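Working notes, structure below.
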Amino acid sequence: MLEREIIQNRGVENVVEGGEVTGFRFLVRMPNYRGVFARLIDGIEVRVGDLTWPREVPLWTLGGTQYTLAELKAAHLDVHWDLDEPAVITIPHAGGLAPGIHDIDVEIAIHAPYFPPPFRPSLFPSARKVTVIA
Amino acid sequence: MLEREIIQNRGVENVVEGGEVTGFRFLVRMPNYRGVFARLIDGIEVRVGDLTWPREVPLWTLGGTQYTLAELKAAHLDVHWDLDEPAVITIPHAGGLAPGIHDIDVEIAIHAPYFPPPFRPSLFPSARKVTVIA
Amino acid sequence: MNAPSLKYGVSLYSYTGDMNTVLTLDDAMAEIASVGAAGIEILGESNVPRYPEPAPAWIDQWHGLLDRHGLEPTNYCSWVDIGHTGGPDLTTEEGVAVLRRDIELAATLGFTTIRPKFGVVSMELDPHPAWEPIVEANLDLAADHGVVICPEIHAPTPIKHRVVDDYIAFIERTGSPNFRLMIDTGIFQREASTAVQPGVSEEGHKGGWMTPLAVPMSDLVDVLPYVGFIQAKFFDIDDDLVDPQIPWREIVETLVTHGYDGWLSSEYEGERIPYRGQEQVRRQHALLRSLEAEVRADTGSAQGGQRPRT
Amino acid sequence: MNAPSLKYGVSLYSYTGDMNTVLTLDDAMAEIASVGAAGIEILGESNVPRYPEPAPAWIDQWHGLLDRHGLEPTNYCSWVDIGHTGGPDLTTEEGVAVLRRDIELAATLGFTTIRPKFGVVSMELDPHPAWEPIVEANLDLAADHGVVICPEIHAPTPIKHRVVDDYIAFIERTGSPNFRLMIDTGIFQREASTAVQPGVSEEGHKGGWMTPLAVPMSDLVDVLPYVGFIQAKFFDIDDDLVDPQIPWREIVETLVTHGYDGWLSSEYEGERIPYRGQEQVRRQHALLRSLEAEVRADTGSAQGGQRPRT
């Protein structure tokens, strides 16, 4: 089962590539009542303490493949974010996050074309304390 | 999955036997952190509105078999109440409960011989509004 | 002999937030069966794992669970996200393909109606004009699969509106029995709901759930012959089994009196507090059954033309 | 080459309330693996479906899940409910049979220690005197199965107490390596916990969690050669990664310095709020790893005798 919170407790960790910590990642479940094709995902804004990453920066992993936001939109009808599959959000950030407790704030943006244009995209904010283990 | 509440939403209903409504039943999950053999179950007190049934009255269904409290205690090591199996509590009550919303209050008593004798049995109270459908 | 009865179902939309967190599909079906409902409605993109291409094992599991819980698939909700303003849009051909794929998947899973939700081009929810060619291109396929395509009449669009007029004109022009209206009972809302919907702005709430549309029952009577499915939308049924928003007595009376024989499928849309959807659906079913019994007693319609529940 | 490390595990007791409601066994193992722990501890009567005779398919599933999540079974908690005052009690022979069955089940599931909790006969938690013949009758069986029987030293019983003296005398008399002590780190508690335990009366709370026992580390050092398992009991680690109740720095320092090579198995016992156990175990592991690194850096014990984590 997934956690009720959008930001999941499990899966918060630093990313190590070639012996270097190049960033961190965490899991978010779909915040909306419906799954969507990648074309409707408008990004995720992430804040940890004083640091902020705008919607265009975080990388998305869905179905085991990692995408930039631009790649996600281009994936059109080929990639689908399901309700039972959390997206892995990866933030490029040299050194990653220090071991310990951090406040993560996110805002996920998703288009719902059945809402009148002024109401798009839908914004789903979520915040949680998470723990990085050394 | 079971509901977090001890008294489950699902399974509240009147009991019909031979065309007569002879009582009602509902489900409770094990309120303690450990499962126990039937010999340690000390009964469940049930209150619905103004009506009360003392520990000796409710019938227990575990593993598909219905027991009185005395039968349960006599079952000794032959019947076990698991954490993943709610007990069906049946209250003999001619006419059952009227369709609609009712307040159910219970207190489940379970012996923990590893507590000093003055602290036995452990008492687990729980209350919930439940709905009977016609 | 069964007494005549409305056909009751439950949409998994009611359990939004609970699905995948505290409810498996198996649990959800057990819950639906436990309120005495016979039908299950789903959202394809939400409830089908690996949509749009579920594993064959999952399809087998779906049918096995239906059998085990004694449930019948009712409506399958789909989306045709044309009119997208945040990136490349769908072409009409792509829209046709999307709806085709959903009709085929819905039929594979045993559903008898499908609700495509189209992108809109106005504040009054006028659907993208491509809705008509997209539906028309799929009418024969729908007929082959025994599936009825039902666009949803949803607040703030009332029944007396060009959107509905256009759908009815389409039914009359094509003569197809595979296109009908879906009524969302939110259009009958009489009081504001304070329930907050994730992802919807304050303005969105003001224009939607906080502004009761209060469509009169006579409008429902007028279009009832064209209605293929009803979503029993509601927000909150209180501790006295009273629904302050939706006039269930009038709705049930209208449906019984006029011999509606389609599904009435619970769609809880109140606060998304864990387990609340399950409690509220149970309350709604207690309320609807008692109202139906009263109405049938009052109107002597127990011998009406309704099919018995199977 | 792996750095030396304490062997970390997690008890499913930490997820009490979450198990079967928001966590399947599969989920729980994923959670444990995700904190970098290598071991899983269970409660037989709580976590084995259809205890004491799980279905063969479940046993297969158990081993499959261990493999998938890369986890090793550590300790199996059992109970010998002798001294029951609310109905017919167990005979010593029945007590022997209960423990025998649990040792066999623990071994089938791959566990290497078992903690039998005996009924008590005093406010100081003196175990029922039949503990000794019941254990003794099972020592050979335990040896055959490679299982070590570990009674738990749990508050309000300190280490300097006749209960522990009796256990140590038993070890020395029998010379068996299959009987050792289990330390529950609640005995080192320095501040009261306000966490409420379901089923425990107000008086029970006053006599238990609200009265820190504060056993000194030197007492642990004295019995460490007899210790077969440690349950890392805790209640609340705050937002600054500080545990106000349990002196983890001293505990880790003592274990590292004296070369403890058994398991340290998380046992969260704070408020049973959904998901909190999972968050708290993650905090505890972040805290323990950083303390261990600090202690090893301070004491230069990185070349100590600890086995690398496997």
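Per-chain numbering from 1; labels A, B, C and D assigned in written order.
In the analysis below, contacts are C-beta pairs under 8 Å (C-beta built on N, C-alpha and C of every residue); 3 or more make two chains touch, one makes a residue touch a chain.
By chain, UniProt protein names: A, B = C-deglycosylation enzyme beta subunit; C, D = Sugar phosphate isomerase/epimerase family protein.
This is a predicted model, so every value here is computed, not measured.
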Worksheet item: Which chains lie in contact with each of chain A and chain C?
Response: D
Worksheet, complete the sentence: Chain-centre distance (mean CA atoms) for chain B and chain C, in whole Å, is 37
Worksheet, complete the sentence: Here the gap between chain C and chain D, centre to centre from mean Cα coordinates and rounded to Å, is 51
Discussion item. Roughly how far is chain A from chain B, centre to centre by C-alpha average, rounded to an integer in Å?
Written reply: 44
Item to complete: Mark out which residues of chain A touch at least two other chains, giving numbers and ranges.
Response: 1, 3-4
Discussion item. Quick check on chain C: which residues sit in contact with 2+ other chains?
Written reply: 21-22, 24, 274
Worksheet item: Got a list of which chains touch which?
Response: A-C, A-D, B-C, B-D, C-D
Worksheet entry | Complex interface listing, chain C residues touching chain D | 21-22, 274
Worksheet item: Contact residues on chain B for chain C in the complex?
Response: 1, 3-5, 9-11, 99-101, 129, 131-134
Response to the item:
Touching chain A in the complex, chain D uses residues 22-24, 27, 30-31, 34-36, 239-241, 274-275, 278-279, 282-283, 285-286, 289-290, 293
Fill in: Complex contacts: residues of chain A adjacent to chain C
1-4, 29, 31-37, 39-40, 42, 73-74, 76-77, 80, 82-84, 110-124
Fill in: Interfacial residue positions of chain D with respect to chain B in the complex
13, 16-17, 19-22, 24, 43, 45-47, 49-52, 79, 81-88, 94, 98, 117-123, 125, 128, 198-201, 203-204, 274
